[in-house]
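Shared chain: subunit A. Partners: subunit B in the first complex, subunit C in the second.
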Partner chain A sequence: MNKKSRSAIGIVGILLGILWLFPFYLIVTNSFKTPKGIFASVLSLPHPSTGTNYVNSFHALNFITSLTNSLIITVCSVLVIILASSMAAYALQRNHSKLSSALLMLFISAMLIPFQSVMIPLTANFGAVHFLNMWGLVVMYLGFDCSLSVFLYQGTLSSIPIAMDESAELEGASRWQIFTKVIFPMLSPITVTVAILNIIAIWNDYLLPSLVLPQAQYTIPLQMFNFFGEYTKQWHLALAGITISIIPVILFYLFAQKWIIKGVTDGAVK
Partner chain B sequence: MVKINLEHIYKRYQGNTDYSVSDFNLDIKDGEFIVFVGPSGCGKSTTLRMIAGLEDITKGDFKMDDKVMNKVQPKDRDIAMVFQNYALYPHMTVFDNMAFGLNIRKNDKEDTKKRVENAAKILGLTPYLKRKPAALSGGQRQRVALGRAIVRDANLFLLDEPLSNLDAKLRVQMRTEIAQLHQRLGRNFIYVTHDQVEAMTMADRIVIMNDGMIQQVGTPSELYSKPANKFVAGFIGSPATNFFDVKLEDGKIVNDGGINIAVPEGQYKVLKQKGYVGKELTFGIRPEDIHAEEVAIQAFPDAIINAKIQVSELLGAESILYSNLGGTDFIAKVDSRDHRQPGDNVRMAFEMTKAHYFDKDTDETIL
Partner chain C sequence: MKNKSLSFWLFLTPTLVALALVVFIPVIEGLFYSFTDWDGLTFTKMVGFQNYITLFHDKAFINAFWFTVGFVIVTVIMLNVIGLGLALLVTQKFKGNNFLRTVFFMPNMIGGLILGFIWQFIFTQGFQALGNALHMDWLQNWLTNETTGFWGLVIVTVWQMSGYIMIIYIAYLQNIPNEIIEAAKIDGASAWQRFTKITFPMIAPAFTVCMFLTLSNGFKIYDQNLSLTNGGPYNSTQMLAMDIVNTAYNSANFSLSEAKAIVFFIIVAAISLLQVAYNRKREEDL
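Moving on to the complex of A and B:
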């Protein structure tokens, strides 16, 4: 590749990068503006700059409570999804009966069912057993998100030779020990992929929590809706709230970056 | 030390009509190095897996010290196995890989450490104990797999084509190391391979298999010099034994392709006794028993053939000559001084005292 085409690719890359970062620019700069400042110019830098949006937003969002709710729901759901789907995929992949093939097909076909088509009967049924709370929501996420996770785990498991299980079995390991000590650690790249996909989806979800959660258990996206009334939209507070709410996800991303990149490519090729 | 008996073992996989292993009988003595050898799909790995408990036995009994082990769990059989692909745990260090079995069995930590360090010393792995398998070469990984088996101090070691992933040079080196390891440990080893050189160089006894059945059990020299049938004669030895369809007439074997060779008196007597005079049979001669040097031609004047060389390979000390006699290809392994070029006409002598004769219908050895 010559120098000219290299610099052309570089320029295209920079332009794409700017395009990608532009929404972040809008969110962060406008979160420091007054409502008047936002309507005067959305694109300009904050002038005058104010930090009060963050303080007001923090209180309006009831941030500590809603962050705790979001964390509990996301962490519990993702842990349960990882545990259940990895074990289910292991059982389905290592068992070569017709029943396991049929069950796998059932999991895969479940991915095609749109959430909107089941949300009313689902909430009605959960309501009937008084389970419309954050723990009910965790169970719902487990049901909805297991299909894709089982599918991803199953693909990776098929590349782990059965000799690994057999070797551990001969060494004296039980089926549970084989899974926990040998197989599950080997699944860590795909586990991180499954975790990040589900964390992003669950952390940002609005519709399902809005149907299920009582007000005391509202998550950040639900609290955020308070800024958008029928007649007024408090963009300055909403943007400050969005900035605060994406910080935990970015922190997780930075923490797991090495694994995410590895995990995504592993999942893509296997 | 343990006595191992395999009695009338059969294996049929679900959905198959044929048996993958049929009527497998073998008694293994204390400390013996047994090699199962045969072409791909002959049932050797299946038999090994049945011994390990990783496959069910359809019929027959597998006994250790006269106790039937068919239904005993693999972990309770006191067997260590080395897999073809090593099956090392990639997230564990070499030490943890080797200690895995002992840790699972809740062995004393100090004792585990001692045993792993001792095995590492034997296998030259001491500097690599803290490394992960990904940071090791193929040979080192193979040693870790062996080490994992050694630390268990099992009664029976099963090795399923453990050298097939290594390059030729390393394979030769590891072959010697495994043989030395067997001598040092004094345990029973069962080794599966499709490489007859590995079988010949390592085994106390070889079990040669084809189509799920034992063809012959014997020491390497027995299999080489007294093959039970045409398959064994063709499988053991490299290059493979040459076979010619011939007829036994007037003390000679003859065919339309130009073979007209006197059968030594003792051999003829046996063949005559068994009623093969005037009948067709298969004549076998190993490439190394065909000579092109003048001395041999003078020594065996009744066993001379003339052939045109088609391909020749000079290997240094010896030369491999590929020829054709009346439509049958054959190979001669001669001294490098007798190397010839393709197209040359060569006189060659068969060393008939080392000839083999097989029944044409059953392929069983007559003599």
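Moving on to the complex of A and C:
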């Protein structure tokens, strides 16, 4: 490629990058304005700028509580999904029978069922046994998200030779020891993928937790929804709230970007 | 591991129990309730296909169906064209291509609910201001009618998902051996010929993956719909998923909502399976 066309491509790239970032620019700059400032000019930089929007929306969002709830639910669900799915995939992959292929098909077919088809009976059943809370939610996430995770683990397991199991067995290891000491450590690349995919999905989920969680256990998206309903047309507060609530996600992205890109690619391609 | 061995079943128990409790038992219950007059707690009688007949005459459902179909067609095309375009762009060698990848993918990290709120501000306040500054009328009063609501949803989805589709195309583009491209160059193939004759056929599997993802995601969208337009004005921008949720929780018509959800399931599953089968066949033909 010659120099001219290379710099032309660079310029197109920069322009598109600016276009992509422009919404973030508008949200962040306006979150520092007074209501009057937003009314006067949306496109300009904040002048005078104020931090009170952040103080107010931080309290209105109950941010520490909702951040903690989001963290507990996401971390617990992802750990449970990783452990249970890798175990299931191990059992299915090391058993070459019609039964295990039928069970794998069962997992895959569950992926085709949209959430709306199960939502009402699901919440009714869990409600009947008083499990409409964050622990019930963890079980639900295991049910909804294990299919893809089992499928991903199953693919990777097929590349780990069965000789590994057999030699450990000869040394007298139990099935559980073989799995935890020999097999699971070898799965860590795909474990990262499973973790990333589930973290993104669960952290951002709205509809399911909105049907399940009591107000004291509200996560960030649920709190944002309530907050937005209360402060409609008060954009100065709403924008500060949006900025606060996306900061954890952006930090996580910038920190774990390499794994996220790999995880997202694996999840879609495999 | 043997079928009959205890460890086989112990390893499978947690996921099978969760899958049964969360997906299979509820979906069977739901299917059953769709043939009753269930009110969310009890039902008094079986009603046969009454709920299914009702839903085909339900204006809100039919409207949501066509709105969703239009949305899916437009977003599938735009996401694949823009996603592939971005992938081709950032795989060129120029300064900052890695930074651009980071930027294009970033919206995908943010949940649909918050994305919708972000763009509600952009459309109602930002577009208004731009329209005033540039004297462009078409930038004003966004989200106040069906057309701008539709394109608003399309723009949010494209902004969110293009980076995701880009990542997948990049993975396939990087698998093309450089020697083939170089050999074609030596043989005098133009950039356009190299793209249509080499790159395009070699990334055919990526189309299967991306079409599947964009299709099924498009049909299932709910969060963006809720936070951007909330289906308004007058339910004109309500998509299928939202119509089903609202039939249950706003109109308290649970058995009708279940019937709609079963139809929704059949549509989504059929399209997904057909699409995968079709693309598999086409890949083989190439």
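Descriptive notes on the structure:
Operating definition for what follows: the second predicted complex is superposed on the first by the 197 of 270 C-alpha atoms of A that agree within 3 Å, B and C clash if a C-alpha of one lies under 4 Å from a C-alpha of the other, contacts with A are read in each partner's own complex, and residues count from 1 in each chain.
Definition applied: a residue touches a chain if its C-beta (ideal position, glycine included) is under 8 Å from a C-beta of that chain, and two chains touch if they have at least 3 such contacts.
Computed from a prediction, not measured in an experiment: that's the story for all the values here.
Residue contacts after overlaying the shared chain place A:Cys146 against subunit C, while subunit B stays out of touching range. When the shared chain is aligned, subunit C comes close enough to touch A:Ala91, but subunit B does not.
Once the two structures are superposed, subunit B and subunit C can be ranked by residues of subunit A touched, with C on top. By the document's definition of touching, of the two partners only subunit B reaches A:Ala163; subunit C does not. Within the superposed three-chain model, A:Thr180 lies out of touch with both subunit B and subunit C [touch as defined at top]. With the contact threshold set out at the top, not one residue of subunit A is in contact with subunit B in one structure and with subunit C in the other. The part of subunit B that touches subunit A in the complex is made up of residues 52-54, 74-75, 79-81, 83-85, 87, 89-91, 100-101, 104-105, 148, 152. Against subunit B, the residues of subunit A that register as touching in their complex are 161, 163-164, 166-173, 177, 181-182, 185-186, 188.
Those residues of subunit A whose C-beta lies close enough to touch subunit C in the complex are 1, 6-7, 9-10, 12-14, 16-17, 20-21, 23, 26-27, 30, 38, 41-43, 80, 83-85, 87-88, 90-92, 94-95, 97, 99-100, 103, 106-107, 110, 112-122, 124-125, 139-140, 142-144, 146-147, 150, 175-176, 179, 200, 203-207, 221, 224-225, 228, 235, 238-239, 242, 245-246, 249-250, 252-254, 257, 260-261, 264-265, 268-269.
Interface residues of subunit C facing subunit A in the complex, by the touch rule stated above, are 1-3, 5, 7-9, 11-12, 14-16, 18-27, 29-30, 33, 40-41, 86, 89-90, 92-97, 99-114, 117-119, 121-122, 125-126, 128-130, 133, 159, 164, 167-168, 170-172, 209, 213, 219-220, 222-223, 226-227, 241, 244-245, 248, 254, 257-258, 260-262, 264-265, 268-269, 272-273.
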